[in-house]
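Pasting a structure below so you can have a look.
Naming follows writing order (A, B, C and D), and every chain is counted from residue 1.
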Amino acid sequence: MKEKCAVFGFQSDTDVFETIYYGLHAMQHRGQESAGIATCNDKIRIHKGMGLVSEVFRNAYLSGNCGIGHVRYSTTGDSKSENAQPLLINYLKGVFAIAHNGNIVNQEGLKKMIEEMGGTFTTTTDTELIAHLIAQEHLKTGDFIKAVQATMKQLVGSYSLAILYDGMVIGVRDPSGVRPLCIGRKGEHHYLASESCALDTVGAELLRDVKPGEIVVFGDQMKSYSGPKGRLCHCMFEYVYFARADSVIDGRPIYKVRRDLGRILARESPVEADIVCAVPDSGITHAIGYANGSGIPYSEAFMKNRYVGRTFILPDQKQRELGVRVKMNPIRSEVEGKRIVLLDDSIVRGTTLKKIIESLRKSGAKEVHVRIASPPIRNPCLYGIDMQTSGEFIASEKSVEEIGKTIGADTLAYLSVDGLVEAIGHSRGDLCLACLTGEYPLENPQRKLVDE
Amino acid sequence: MKEKCAVFGFQSDTDVFETIYYGLHAMQHRGQESAGIATCNDKIRIHKGMGLVSEVFRNAYLSGNCGIGHVRYSTTGDSKSENAQPLLINYLKGVFAIAHNGNIVNQEGLKKMIEEMGGTFTTTTDTELIAHLIAQEHLKTGDFIKAVQATMKQLVGSYSLAILYDGMVIGVRDPSGVRPLCIGRKGEHHYLASESCALDTVGAELLRDVKPGEIVVFGDQMKSYSGPKGRLCHCMFEYVYFARADSVIDGRPIYKVRRDLGRILARESPVEADIVCAVPDSGITHAIGYANGSGIPYSEAFMKNRYVGRTFILPDQKQRELGVRVKMNPIRSEVEGKRIVLLDDSIVRGTTLKKIIESLRKSGAKEVHVRIASPPIRNPCLYGIDMQTSGEFIASEKSVEEIGKTIGADTLAYLSVDGLVEAIGHSRGDLCLACLTGEYPLENPQRKLVDE
Amino acid sequence: MKEKCAVFGFQSDTDVFETIYYGLHAMQHRGQESAGIATCNDKIRIHKGMGLVSEVFRNAYLSGNCGIGHVRYSTTGDSKSENAQPLLINYLKGVFAIAHNGNIVNQEGLKKMIEEMGGTFTTTTDTELIAHLIAQEHLKTGDFIKAVQATMKQLVGSYSLAILYDGMVIGVRDPSGVRPLCIGRKGEHHYLASESCALDTVGAELLRDVKPGEIVVFGDQMKSYSGPKGRLCHCMFEYVYFARADSVIDGRPIYKVRRDLGRILARESPVEADIVCAVPDSGITHAIGYANGSGIPYSEAFMKNRYVGRTFILPDQKQRELGVRVKMNPIRSEVEGKRIVLLDDSIVRGTTLKKIIESLRKSGAKEVHVRIASPPIRNPCLYGIDMQTSGEFIASEKSVEEIGKTIGADTLAYLSVDGLVEAIGHSRGDLCLACLTGEYPLENPQRKLVDE
Amino acid sequence: MKEKCAVFGFQSDTDVFETIYYGLHAMQHRGQESAGIATCNDKIRIHKGMGLVSEVFRNAYLSGNCGIGHVRYSTTGDSKSENAQPLLINYLKGVFAIAHNGNIVNQEGLKKMIEEMGGTFTTTTDTELIAHLIAQEHLKTGDFIKAVQATMKQLVGSYSLAILYDGMVIGVRDPSGVRPLCIGRKGEHHYLASESCALDTVGAELLRDVKPGEIVVFGDQMKSYSGPKGRLCHCMFEYVYFARADSVIDGRPIYKVRRDLGRILARESPVEADIVCAVPDSGITHAIGYANGSGIPYSEAFMKNRYVGRTFILPDQKQRELGVRVKMNPIRSEVEGKRIVLLDDSIVRGTTLKKIIESLRKSGAKEVHVRIASPPIRNPCLYGIDMQTSGEFIASEKSVEEIGKTIGADTLAYLSVDGLVEAIGHSRGDLCLACLTGEYPLENPQRKLVDE
């Protein structure tokens, strides 16, 4: 599972490039395929490319006192440099740059509408679709903000947008607030960021979240406009896995939520054991929470090789033979003869987890009790997370008991939906739980998976 | 001065990728900024990027039995990966890929027309404009070829297009035949190429040029459609400098034309001298022609360092100090005490030529007589060659005598326009001589320089 | 502080290259400057270069049924590719390859002795010195193992050697056992590794440590020879910091030692606080131990950006301004209003620690009590760890109280030497504590710092 | 056939790095495998690596007022970074750096002698052998120059050395003057270079060649010492092929020699033909000479693709299919219906030449008469050129007539040895013609091929 993107914006009275650079770098976990920055003084300058922020901007600099940036997720397929964002849109009223995190579920209908009027698309992004709508509405209404508002009325799905137009940074969040988007401030200047950790990194203070359905405009001062209303559907997986633990989203600190997920899971599914440990790094905070909740001591059962990274490519055959050992090795002295509670945030196929449990047993673990800090995922995400088709989820094919047997656990338990909602701290109706329950809150009868 | 682009197309019954790769590589001199290939079986696959053909396609392969390719010229400014071609265009009727060599002079008006209908542009290429027009006309007429014909009627300027649509390779040449485009054949299969040297390289035979205003379609067999008529305006600089010497364009072998340019120049502007030599590599063929025409022996006066290439970047200060010596060094034994005729194809600013003449004198040359195998360039090209503004041409500011003094030549002579026309062998009225005469044959009152 | 090196060796009846590759990769933490592998069938093949294992061997493969490998630490100065190991030594009796982890303290005298006989050195490594001695002794004694024994008698200092000679892998450990070296086994085949984590990674079992002063030879079966005797001096810093937590050195599991360091520190220097947290990643295990010992809950106070790596270079000015925030960000929800115990393994200059404490306070920490899980380091290492001169240690200039004030801690406490010894579990006399006490156990009056 | 190396040296009162850099770059044709520079102020600094000068020194700089440099030829086998030069030699008297062009034919005996005294070698270069001898002799004699003289007495073979010792640049040339070495001057400063083209490039004047058997020392002023005497054996292939055409070696301008080779060949082996052309680039100057001598016009029959370079790797299969066409394409208009004289400098296997002749015939050539501007090569070089074993030369297996048939020429003729000697202009006894005649002038009964 991969997050699709992050956006960042900054309006200042000096060059903004470096700040945007560091802001994007702080959100690199939300996308490693491509990165891009657009800045503006008299004209819009843009630089983007395939790779990490540090790679794309190795020798680049853009002057300009306002700007936006974007990182995009990594795919295994062909690199598609034309899909890198921000997109630069030339149209009758001039030019704007736009960057997007989310997924538009009614994009097919809207694209067809535009194509019927003779429109063309040079990328396969829904960002170009949004840009097209804004441009058309701008011609109609003559006002950019009204054009954004009119566009929002047509869009169904999730979107957190950063737009650079006419020397202004504009932030837009969909009426359901599916993806995060927040506002930072230092002195008189404002920042836009998908996650508050980016604000911390650049030394800004988290002012507030962009409200669902709100349009914010940074200029001499910040202005707020309201778009259409909708029911709230905050993505529960931002809390469980995607967001960085030091971010605060819609008023809820991610770290605290994750520890509470573990704590509540300890209450729901207790087990007698000697140590609580985690699949590194995804399960660590949940494991600490479980340890706190259960009174069983927390321990690190695995050592990760911190040099397994982008430069390290395992030949396929060797990978099968060596298994996960190259990446993480059980610490025998911690594991041998112990009854272990093993925490992770979720299970997709269970293949890696199975190997991890095998390696624990090979290192002498007596029992391995797996606890998953979220309910079983059974359905794909339509709102901006790159999940595979339903068939890819082990939980859509097997019962919890069968899964436990498959991965070789002594016992397996998932967190309940109620436990999840309690830990997140929003009311259940304000969350998108579609991947757990199959109830898709944003209307689109036709279930289309995210495009690649 | 830099050529803008080259296109290549190939229709076969096996994979076409490698053939297109080598075809583009043979035309690398027409563009080093970016390269791209699109192929098609059931769907269109595309790969493109910044750099040379060999760099962009280091680890790439695309399956498909028909396809087109493109190389683009190198700029010094920001890399603009979104301008790499072919462009992939999604529209109501489906999808096509398009690659373009040329320049549309009425692009501003046409872009405005499209923008007024709500259209947007995500690149700064006129290729996207052409694509837009074709898409719109396709919606209107319901037939792709008719759409291309209707588009041609709207375009003013130069264009040689390769289009990949619905399993067909389509070649289009503007009614004036400004840029070259030719058809090759091997067995039953057809090839499209900007220059015939690409056909030689892939083992195909030059069948004929695409006629000015013609549309050719490669499918089971080749079909030809006619577009609008126009006066012929073959670019004279393809013959003098841009095309590879082993190409044949519109029936005229480039090598022979260049040698004749030198031979006629010897007749027009003779001089007593001991040797004829060339600014390497641009003046070599002209110098051999001048030597043949004058009876003065040809000699290589310079040795080039063949390792001065892409990997070699001279620090600025050192470059001023060392001058051109790092790149080419006079051969003293050839030069010392000699009266020299030095041939080159053209003069833009004269800065390098001045240094070359200095280095000849420093190596003991007694006299240096410069002969330029084309008339003085005084005006920018509007039809697809990247020249600077008029102010950049030394010949638009100074007389021939003054130029000779500036560069430090004992005498300086240019070829006459009549001599040029004689060597090329087309009638004068069929050539574009705008950069020499200022008479722009393709109507567009408003002189806009090529976009960057 | 940087570890100097790691060695690996493997004897098999099929190609050993991949196993050595993964063995080195598992010990990449011991050296990132260069990597090298030598293998042998009929002749010795070698490949080495600057960079990580994955970079140096990207397209390399060496056939051969026995071989050795080496990784070397990273310096900031000039890259010295000629210092990469293994070294290949040609001499009268043939050829051998040698790789070394350690530091010879009497190298100046020995080098002079060899130079006086006309010897020359082409590298600045003490590895070449050891090789020279072995070669000379081999000429004298006529037997390779006797030559190694004779060489060991001359060497003062630390050395763990892997040698490839005549189809055999030979392991050598200095009589004091300063640096680790252990033997692994799978089936009939033997492995040599600086750390047992490398054995786990390649699926081998830890058989035992190479004994101090022992020579082991892998051939059809493993043979053991004894070299000179000496007092034991196991490096205490391997336990505290250098070795990977999943390694077992001289019978002591590193992870357990580290947790005990924290646990004993909690007993020695308790403090009333709300949470125990760590400087990531170096202090995590110590912090968990302190939490267990004190009963105060463990928490992660920081989020690290896992994309700060080799590709990310901070411009100097920006780095000063942004401080450590780009690399790690306090989690406000965990820190705000809390009394914090902050654990780390050691303090060199204290500069980073100061910034980390500042960032905690800025995020609302009420108190910050620093606990260091080892005694103050005041003296440089002469036995193979790249420490700076004494002047570089804050503890050699300031009292503990002054250090606490300098770094901005509410309280600061170090572990006692007794506590350290208790946690490691060897008798005090068997440990090298020179960097703490200034008592250098291996005789060399003249204190020479490690060569670069 | 590949030249082994080039050396450069420079003594100044400001930093010498850039001058050495450009000097090496001008001699890049003599070696593309590795490059290195050593400079000296108080201490010797060195930087070297695999690749072209521009690649190895991309981000490198070395301060120091005197220094030496080296480029080394490219092999197809394993990269051996430890063989890059200059070598840095530490010994009892201090340290020196040394760079070498040539080959020592009695190296085995000398190496054995040193090894018997306990010496070891860490590289496979004969440069390390020479360094070893100098170091030993220095211990004996107490004087560096005397040590060099004593070393020269022991060496049999070819060597042009650049040595950096004690703030001095020292140049050494073997008594036979096999490889070139010359001295340049600008103002008060002196330069050492394998070829004079490097002096031109850095703006220095060619003062004279280093005399065979001479030692020159650059310090406050230049001093000359004499080493042992020997018979002259200038390598004839420097004139025919290896040296850059703008160099002057032992008083003879290379360009003039090459043109004369062609001119004399026209006299020796005339033929009726329409044009004279060359295999590019190696035969161009010879062809111009043949054209001058015969009165038949010179023409360029081929167009080279100037982008076939280091970044372009042809897949093997495609290479067979496309033949040489990707690299060079006949210009049909020049070739069709013509009787052609095709010049090249030499034939090794004849494989490429065969394909070139085929491509000429395919482009319509009526007759192809091949003329080779040197006598047949039948024997390997022992003195510093990387030729294969005798079996690799077509001329050691076949008669001239058979070779002509094999390559598909209408007629084939080689230059005579007398013609070669006449063109070079040294007396026959002063030339090394071993590869032509099999008479090896430098005594070493045992024919060992150049080491790899």
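Operating definition for what follows: a residue touches a chain if its C-beta (ideal position, glycine included) is under 8 Å from a C-beta of that chain, and two chains touch if they have at least 3 such contacts.
What you see is a predicted model; the values in this text were computed from it and never measured.
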Intersection of the contact lists for chain A and chain C: none
Reference chain B; chain at largest CA-centroid distance: C
Chain B and chain D: spacing of chain centres that average the CA atoms, whole Å: 38
Averaged-CA centre spacing for the pair chain D and chain C, given as whole angstrom: 47
Averaged-CA centre spacing for the pair chain D and chain A, given as whole angstrom: 60
Chain D, residues touching no fewer than two other chains: none
Touching pairs among all chains present in the structure: A-B, A-C, B-D, C-D
Touch list for chain C against partner chain A, complex: 18, 22, 25-26, 28-29, 32, 52-55, 197, 200-203, 244-246, 248, 253, 255-256, 281, 284-285, 288, 292, 297-300, 302-303, 305-307, 309-313, 315, 318, 321-322, 325-326, 329-334
Complex contact set, residues of chain C against chain D: 45, 47-49, 78-79, 81-82, 84, 87-92, 111-112, 114-124, 128, 131-132, 135-136, 139
